[in-house]
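First subunit A sits with subunit B, and in the next complex the same chain sits with subunit C.
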Partner chain A sequence: MNRRVLLVGSLIVVPLLVFLALSFGKDPRAIESPLIDAPAPGFALFDLDGQPVDLAELRGQPVMINFWATWCQPCIVEHPALQAAARRYEGRAHFIGIVYQDDAALIRSFIASRGGWGRTLLDPDGETAIAFGVYGAPETFFIDADGTVVRKVTGAMGIDFVSGIIEGLL
Partner chain B sequence: MATLGQLCVLAGLLICAVGTPIAFAAGASRSARGLVWSRRLALAFAGAMLAANLVMEYALITHDFSVSYVAQVGSLATPWHITVVSLWSSLEGSILFWGLVLGGFTAALVLLQRRGHEDYLAYTIGTLLATGLFFSFLIAGPANPFQAISPVPTDGPGPNPLLQNHILMIIHPPMLYLGYVGMSVPFAMAVAALLRGQLGATWLKPLRNWLMVPIGFLTLGIMLGGWWSYEVLGWGGYWAWDPVENASFLPWLTGIAALHSAVVQQRRGTLKAWTVILIMVTFLLTILGTFLTRSGVVNSVHSFTQSPIGPLFLSFLGITLIGVVVLLAMRIDTLVSEPAEDAIVAREGAFLINNLLLVTLTFTVLIGTLFPIIAEAVRGVKVSVGEPYFNRMAVPVFFGLLLMMGIGPALPWGRASREELRRALLRPLPAALAGGVLAAFVFSFDWQILLTGALAGYALWVTLDQGIRPARARARGGESVPRALGSSLTRSPRRTGAYLVHLGVIVTFAAIAASSAFQTASEGTLAPGEELLVGDYRLVFEGAEHERQPHREVEKAVVRVERGGRQLAILEPSLNQYDTQREPIMTPAVRTSLGHDLYLTLGGVGDDGRAGLRAILTPAVVWIWIGVLVMVAGTALCLIEPRTARSRAAATAAEAATP
Partner chain C sequence: MSRRLEICGGEIARLTTLLVLLSAVAVIAQPATEVRQDRIGAPDGPPLTGAALESLTEKVSSLMRCPVCQGLSVNDSPTPLASAMKNEVRDMLAAGYSRDQVLEYFEQSYGEFIRLAPHARGFNLTVWLAPLALLAVGIALILRRRREAPGRPAAAAVDPDLAAYREQVRREVGR
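Moving on to the complex of A and B:
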């Protein structure tokens, strides 16, 4: 009996099996957010032009915050819908994109080729994403005029879907 | 029909239940009669699986909706050839197909290893039948595709539209299954070696071949998956480090490592334990990968939804994992390496570093894939690991692998003098310089591109130099050049094949580097007659067409492609709306050339006839597929018996036959 092999093998195998077993019955896609009906975590970030944006100053209008990245396929899919929504509600709601685990240069060239929407903020250390409990991209938070999170959406959205939520907040 | 299918599956289950203990007992007692029976039962298992699959095919083709799986994936409107392949389009069917492939591999092993190896064969068959026991149990019970449905529906929803959308989806899954399931054979052979307590040169040779076969299929399967995703999903890429992609990549990495370790063992008699452990890990990773994709525990674009087989798969994985650890702990010390006469230097060292790199990459990708599960279990938080993590971790390892592919084969086996080493390593340097300069000239002065070019140039020179060395020696000996090339192919196919594989890897690496570093994209919403510019292409939108096909609506944009005022092609990217599905599926139109691909997708057509078009120019994509095909061709070449060995074997057989 080679004890070393047994020890190393067990150290790998047992935790692996425990983790896999624990993960049953949890849908990786169903994510409840404790933020719903709570005040949105505040942030003050810089946009791509270096202008500061403070969430607190956006009170008074509904805010959509979308975490996205250029490497994320659903983000690319929903990009036109968000552009359309941002145009439709210009001046009545704020549309904020927050860069999630991505490079500012890639984001810039993406926006240069496809056009942007709203304001795109850089979150260099991912602190805001952590504060919002972001699990993956895209994730979108809708915040009412008083700064309370009312809805969280995981995955790509269509224009009608976004409009439906924004209309309810106006 | 449902009952007949059930009976075939139950027969398979029974055969495995009986055959497993018989084969292991035959192995332990070295009984010749027991081995004969194990062989028969293995063939019977293959027969039962074949019959069950044929019954299912018959039910699918005749639209027998009383069979649950047909009711789930069949549809009267589906074209005939799609109906045939919908066997593996959904969970239950794919497990049934898995059974067929396992049966096929078991039968092939029994039929091809007819002579010799009596010491090992019974244990090998026993292990394969034990695996078969699990899968036929799955098919018979929890993932039963043969449930009788009543009342019988008149029509079904049809298979997943992605399957119907492209030919590659038809051949990609079976290739992947052949790779996955095929890993059971080297695993079973390694188990036999451990139980027997020896892994000699005679067993190593078939082991290496049986390892190479699934690696070849896996290579092809992974490539076809990437190609499919590129041609069908419409995002312009071919690899996204999705958990399911990672699941197929992990056993590939360890399989390659095992193969290289086997080569060292064959040459030097060392690294025996490495070979065995790597083979076992490879098999375990195929099971882990299947579990991850079938159980719904990871978030992936491909994964099947939650299914009842998850816990069973986990139990199987658990039993196998624990079994392997215990078996290794008990028996690994019996696999003593033959004492190496000198320290590990030169080529063995390069092989070892290569294996460490592959194992490191395996661990990194595995951790990245499992991290969301671990984080949730430990801290109760949901996290995702994105593409940037994998790219950051993988790129340095790729550089390392490319470097070793250049250095390794340049080095001599065994001990080498300092002077020899210096000469072997310095000679290809001009090729590295040329590669770097070429890459910088064609692309840009980015250091990663320069490094890729230089390493690829170095490795390419060494590969070609080593690959044609036998032919050159023959040509120098007086043979004509074509004849020398031909006879070096038939006399040392393994050597030529191995370097052909390396050539393919170098081409693929370089193409991946170029295609991921330099993409140009452009997009716009165009009215008919308007144009979009990308690179030096002019794309003129001629108009949209709408077509109603039996099972789908097709919205198509007709785009004229021009360059330098000359019309090159008409491309027709489309959006397909299947009747049974909610979301439309994008089908890009791709114009492939040796230099770059023009990739066109249609986002949608508005009521005013304006179309949202997106064009991407990606360099060198086609070389990825070409490189992989070269790898697969090289793998196939490696499996050919050398001419001399073959005639010698025939002579020995003839000698044995004469009294």
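Moving on to the complex of A and C:
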């Protein structure tokens, strides 16, 4: 009788333990992007100067697209790293910031006081953020020279981390 | 004459501004449409408007999970992201995309996570089948117990080691 209870109990408990063990180390709130290894969703947005920027025209060089906002603390933390990366890879990679749920005036003021990096684009209806599956800030997408999304990073990044990814795409 | 020229000039300036704005809207709108075309093809149905559009927008966004909430649908969530997503749903339905096309479009951005009710296939079938399997096991156990109960002798009576003690108790109580 005890052996039977043990067997039935094991049949129920062991699969549950395996399922839980497989989930260790994963952020339950992180959403895996289905865009990895897929073509990046196209966009044509205006920058802060009113100039249109079409993603298709950036082909030929790696592109880093960072969704950010002035209300987002990790975005402020990673700002110097992105400035440094944009300087380091100037002419070899494109650095695009897309404003996520923020006001253009606040973005202009932020850049005026802290300096900018790359080109900052406005996405007033959030259509581009939705097309990329963005659900928070900062979220960063690395796109290779052929326009394929190779990596998505959620949260603030350091200069070495960004450089490591960009170097792999050059 | 100069007054007429001035009015004419003003209208030309307004028209020019309008054309620039329309061009800007066209530049912005085209890629969004292209992304939709690339992902889900042409709209399946006719464009919707009015009450029918609003009703279907609510139904479809009720099937979508708000990515920044705890168990809330896009329709129920007050967050800015959910509002933007609901607007996108409305735009797509207004353009003639079907319910399934809209869900497929969002799934290609956010993965299956976006569906409050995931596809009933593969590992997901567990969600549908596990409760039924547990119910079946429960019913089987109950039926087995009921079948065994009437004919089952008392536990103490079948245990020969306890027979002597039972007899002793019976004698002492009887005395």
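The rule we apply is simple: the second predicted complex is superposed on the first by the 141 of 170 C-alpha atoms of A that agree within 3 Å, B and C clash if a C-alpha of one lies under 4 Å from a C-alpha of the other, contacts with A are read in each partner's own complex, and residues count from 1 in each chain.
Criterion: a contact is a pair of C-beta atoms (placed from the backbone, for glycine too) under 8 Å apart; a residue touches a chain by one contact, two chains touch by 3 or more.
Note that the structure is predicted; figures quoted are calculated from it, not measured.
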| item | value |
| --- | --- |
| Contacts of A:13 with subunit B and subunit C, given as first, second, both or neither | first |
| Touching partner for A:41 - first (subunit B), second (subunit C), both, neither | second |
| Touching partner for A:52 - first (subunit B), second (subunit C), both, neither | second |
| Greater subunit A contact set [subunit C / subunit B] | B |
| Touched partner set for A:125, first subunit B, second subunit C, both or neither | second |
| Touching partner for A:101 - first (subunit B), second (subunit C), both, neither | both |
| Which superposed partner A:133 touches (first subunit B, second subunit C, both, neither) | both |
| Touching both subunit C and subunit B, counted on subunit A across the two superposed complexes | 31, 101, 133, 135-136 |
| Of all residues in subunit A, those that touch subunit C in their complex | 31-35, 39, 41-46, 52, 54-55, 101, 125-133, 135-136 |
| Interfacial residue positions of subunit A with respect to subunit B in the complex | 1-3, 5-6, 9-10, 13, 16-24, 26-29, 31, 69, 71-73, 76, 80, 100-103, 113-114, 133, 135-137 |
| Touching residues on subunit C, where the partner in the complex is subunit A | 24, 27-28, 30-32, 34-35, 38, 67-68, 80-81, 84-85, 87-88, 106-111, 113 |
| Interface residues, subunit B side, partner subunit A - complex | 233, 235, 240, 291, 295-299, 301, 306, 310-311, 314, 317-318, 321-322, 324-326, 328-330, 332-333, 370, 372-374, 376-377, 381-384, 386-388, 521-523, 603, 612 |
